[in-house]
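Below are two complexes that have chain A in common, paired first with chain B and then with chain C.
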Partner chain A sequence: MSNKRYVARSTAIAARVLGDETMVMSAVNSTLFTLDEVATVIWESADGATPLEDIVTNKICTQYDIAPEIALKDAEGLVEGLAEHGLVVLSDKPITQPTTSHGVNK
Partner chain B sequence: MPGVTAAPQHSTVVVEIGGVPIRLRSGDPAFIRLVQDRYVGYVGYSEGASFEFDVELIPPGVAFGDGDVQVTSDSGRWLMRRGDFHAEMDLSTARGRIKQTINPYSLDSVLRIMHTLLLARNGGFLLHSASAIRNGRAFLFSGVSGAGKTTMARLAPPDAALLTDEISYVTLQDDRYMAVGTPFFGELARVGENLRAPIECVYLLAKGPENKIEPLVGGAAVRGLLGNILFFARDLEFVKLVFDAAVEFANRIPIRRLTFVPDSRVWELIV
Partner chain C sequence: MSDLFLEMTAKALKLNVPISAHLDLTYRCNERCVHCYLDHHDHGEMTTAEIKDLLDQMAEAGVFYLTISGGEIMMRRDFFEILEHARLRTFCIKLKTNGILIRKQEADRIKALGVESVQVSIYSHIPEVHDAITKLPGSLVQSIEAMRRLRAHGIQITIANVLMVQNVNDFEGVRALAAELGAKFTMDPTITPMMDGDRAVLDLNVDEAKLREVFRNQSLILEPIEEVCAPPLGPGEEDMDQLPCSAGHTACYVSPYGDVYPCVQFPLPSGNVRQMKFIDIWRDSPQLNEVRGITLRDMPSCSKCTHGVTCTRCPGLAYMEGNMRGPSYQDCEKSFARTGIPSENLKARKASSLPRHSVQLVQIQGLQPAAGSMTAQAMESSQLSA
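Now for the complex of A and B:
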């Protein structure tokens, strides 16, 4: 049984990469968020089709000197935080539809 | 009476800010006079207007729900509501109505909201800032209440034309960012000069022990700017427009932090 997690950027946001960071504004409450360099890598890879574990393995661990299990734990914490603010949607299946809702898709 | 001519009574008045004429109709001459006085330098009576509001004056004490501003769009209509007013604008006809008591503050808010919505569609915005023209260029001094906007306005030298001490009007004209005078004032209680000039720089204000200017770039510049842009509507389209406008502006116009001692020497840096 797979326990992979998929993450997709919400469509109810405005976002722009500026240098090494990403500015994200929620259309729900106009709150502005800033993602650092590592979070930006995950954000840009959050296409709903790539498992989070693969993003961490292929995009984070190849660029940064960090143990895969620690990187995955940090990444899970990040995307759960983003999901709480409605910036991404999480699912245990690939996400193919545009997403605007808060929280976790099951 | 011979030798005495009554002042003409108008039932409409046009308030033109940033080159956008908005006509206000009211059957109450006292309200028209109030508008004429409040927006002196920005009023006219021409036939042409981009938008028209019928103003229905309601008795004092009537309120519309809670006090927070709510701005929504619905099928081509903008709905604007606060405890002291209820307004709507039909974009297809460019006509709308305002319900409010006879006071200048409600209308002021409706006009500010209208201009934020109109500017957003053109890459512009209203910014919490004082602004002034010096040597043909506009300088904006931005910050929250208490940051020093009115102080900078009060300290402005005689050769500076003050556009506002509270709300700056930023618009794109021929692909250049321009600052335009507004009648929206703060503690200075004085309407700005109805002038415009290309924007040279935005200073984010901070009071400190010495005068100092530091450049802000990237995310810091955008954060500083977005924190001071007037923002009312919460729908996705508007959020994206304002966000993109702020990013684009910060890419093209220098954003700097101005730490200053509140005396006239700070203006020696503004050239």
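Now for the complex of A and C:
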């Protein structure tokens, strides 16, 4: 059984990269968030097809001096926080459909 | 405005990113509002493909907040195709509409496309007053019905109430309507000249006494009245590098014909997206760069005026009066109504006995494709004076 997690950006958001940050606004309640440089890398890689673990291994650990297990733990905390605000959808399977719902797909 | 919004805007300013853009899809409209500044004829609107390409360019340039307006946006048969494309480009989208063409199906699609908010102009809670301003019988009822449909979907609504002589006593009623609908309420007491240079419309501006009454109505103003209406201290040296507003700095306007201006109220032609890339206009337009270079220090009258820091001076209105570094007479009047203290400009006018609105006017115009001139024409306002 796979314990991989997949993360996909919600389609019900507004987002734009500004310098080394990303602005994200929830269409649900118009709350504005900013993602820092590392979070932006995860955000941009959140295509629903790439496991979070692979994003961390291939995009974070290759660019930043951080242990994979710590990076993955941080990344999981980040995407769970984003999911709580409806900015991303999480699933234990690849996400192929456009996603507008809150929280976690099972 | 949230701290985060201000922080992001400051960052956009530093990076020279147009974080906000206002795009008018059309000047055509199904209403004929008495105070409207637009020419409602179609003089060659951008095609669907041109607008989609522009949206791609805007997203690439960093535009985040996108206001889609008109005219009446729903007059474009391709409106939802454009909106869908804007959604794909992940803009934070605000629509301005009168709502008359928004039925259930349209409300459903607006909801599905994740529009952040919709602004509807309501002039009065009294149908006869509102409809006389829009010149469209039944328009108030239809606009309210549209707002109810949108609210039923949880879409954020803002009612914009433009104050003029016809509806001067109705803003409390409109605000109550907004509360009933669960909508935000904003009021603007400024009527601007028409695109063709006609200033007769300025006669619709409310008089000074009413303006004073509005500014002293605590229920309309967030800050304590005593602070808002207090005599200003005047600018100090530390204020001299202050920028006038976001126009041309972090925001711009694009007309249905592709003309780029610093702001919808600042008709300085700065380029056309049919001739140049949006980002090249934004970065290299001599006109936008001139606007960016102006600080309070560069404004001969305003930098010496006691209202220099607290005034709501609109550089676009100042430009339309003939000098983007000069004062805006309408804002001088507002500062006076608010504080009872005349601006330097008003004092000078009083000394020269110039009548109200007898100022030079710059006519709004787009770029002429063949001429290549980017200079706005000045025209005498002799036939236009109030």
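The working rule: the second predicted complex is superposed on the first by the 106 of 106 C-alpha atoms of A that agree within 3 Å, B and C clash if a C-alpha of one lies under 4 Å from a C-alpha of the other, contacts with A are read in each partner's own complex, and residues count from 1 in each chain.
Convention: a contact is a pair of C-beta atoms (placed from the backbone, for glycine too) under 8 Å apart; a residue touches a chain by one contact, two chains touch by 3 or more.
What you see is a predicted model; the values in this text were computed from it and never measured.
Enquirer: Superposed on chain A, are chain B and chain C clashing or fitting side by side?
Expert: Aligned on chain A, chain B and chain C clash with each other.
Enquirer: Would you sort A:70 into first (chain B), second (chain C), both or neither based on which partner it touches?
Expert: Once the two structures are laid over each other on A, A:70 reaches no partner at all.
Enquirer: According to the stated criteria, A:49 is in contact with first (chain B), second (chain C), both, or neither; which is it?
Expert: Neither partner.
Enquirer: Go through the superposed model and pick first if A:19 touches only chain B, second if only chain C, both, or neither.
Expert: In the superposition, A:19 touches chain B and chain C alike.
Enquirer: Output check: A:34 vs chain B and chain C. Expected answer is one of first, second, both, neither. What do you get?
Expert: A:34: touches chain B and chain C.
Enquirer: Across the two complexes, find the residues of chain A that touch chain B and also touch chain C.
Expert: The overlap between the chain B and chain C interfaces on chain A comprises residues 11-12, 14, 16, 18-19, 21, 23, 25, 27, 30, 32, 34.
Enquirer: Under the definition above, what is the set of chain A residues touching chain B in their complex?
Expert: 11-12, 14, 16, 18-19, 21, 23, 25-30, 32, 34
Enquirer: Which residues of chain C touch chain A in the complex?
Expert: Going by the criterion above, the answer is residues 2, 4-5, 7-8, 11-12, 15, 17, 19, 59, 62-64, 87, 90-93, 114-117, 156.
Enquirer: Okay, in this complex, where on chain A does chain C touch?
Expert: Residues in contact with chain C: 11-19, 21, 23, 25, 27, 30, 32-34, 100.
Enquirer: Touching chain A in the complex: which residues of chain B?
Expert: Of all residues in chain B, those touching chain A are 218-219, 222-223, 226-227, 231, 234-236, 239-240, 243-244, 247.
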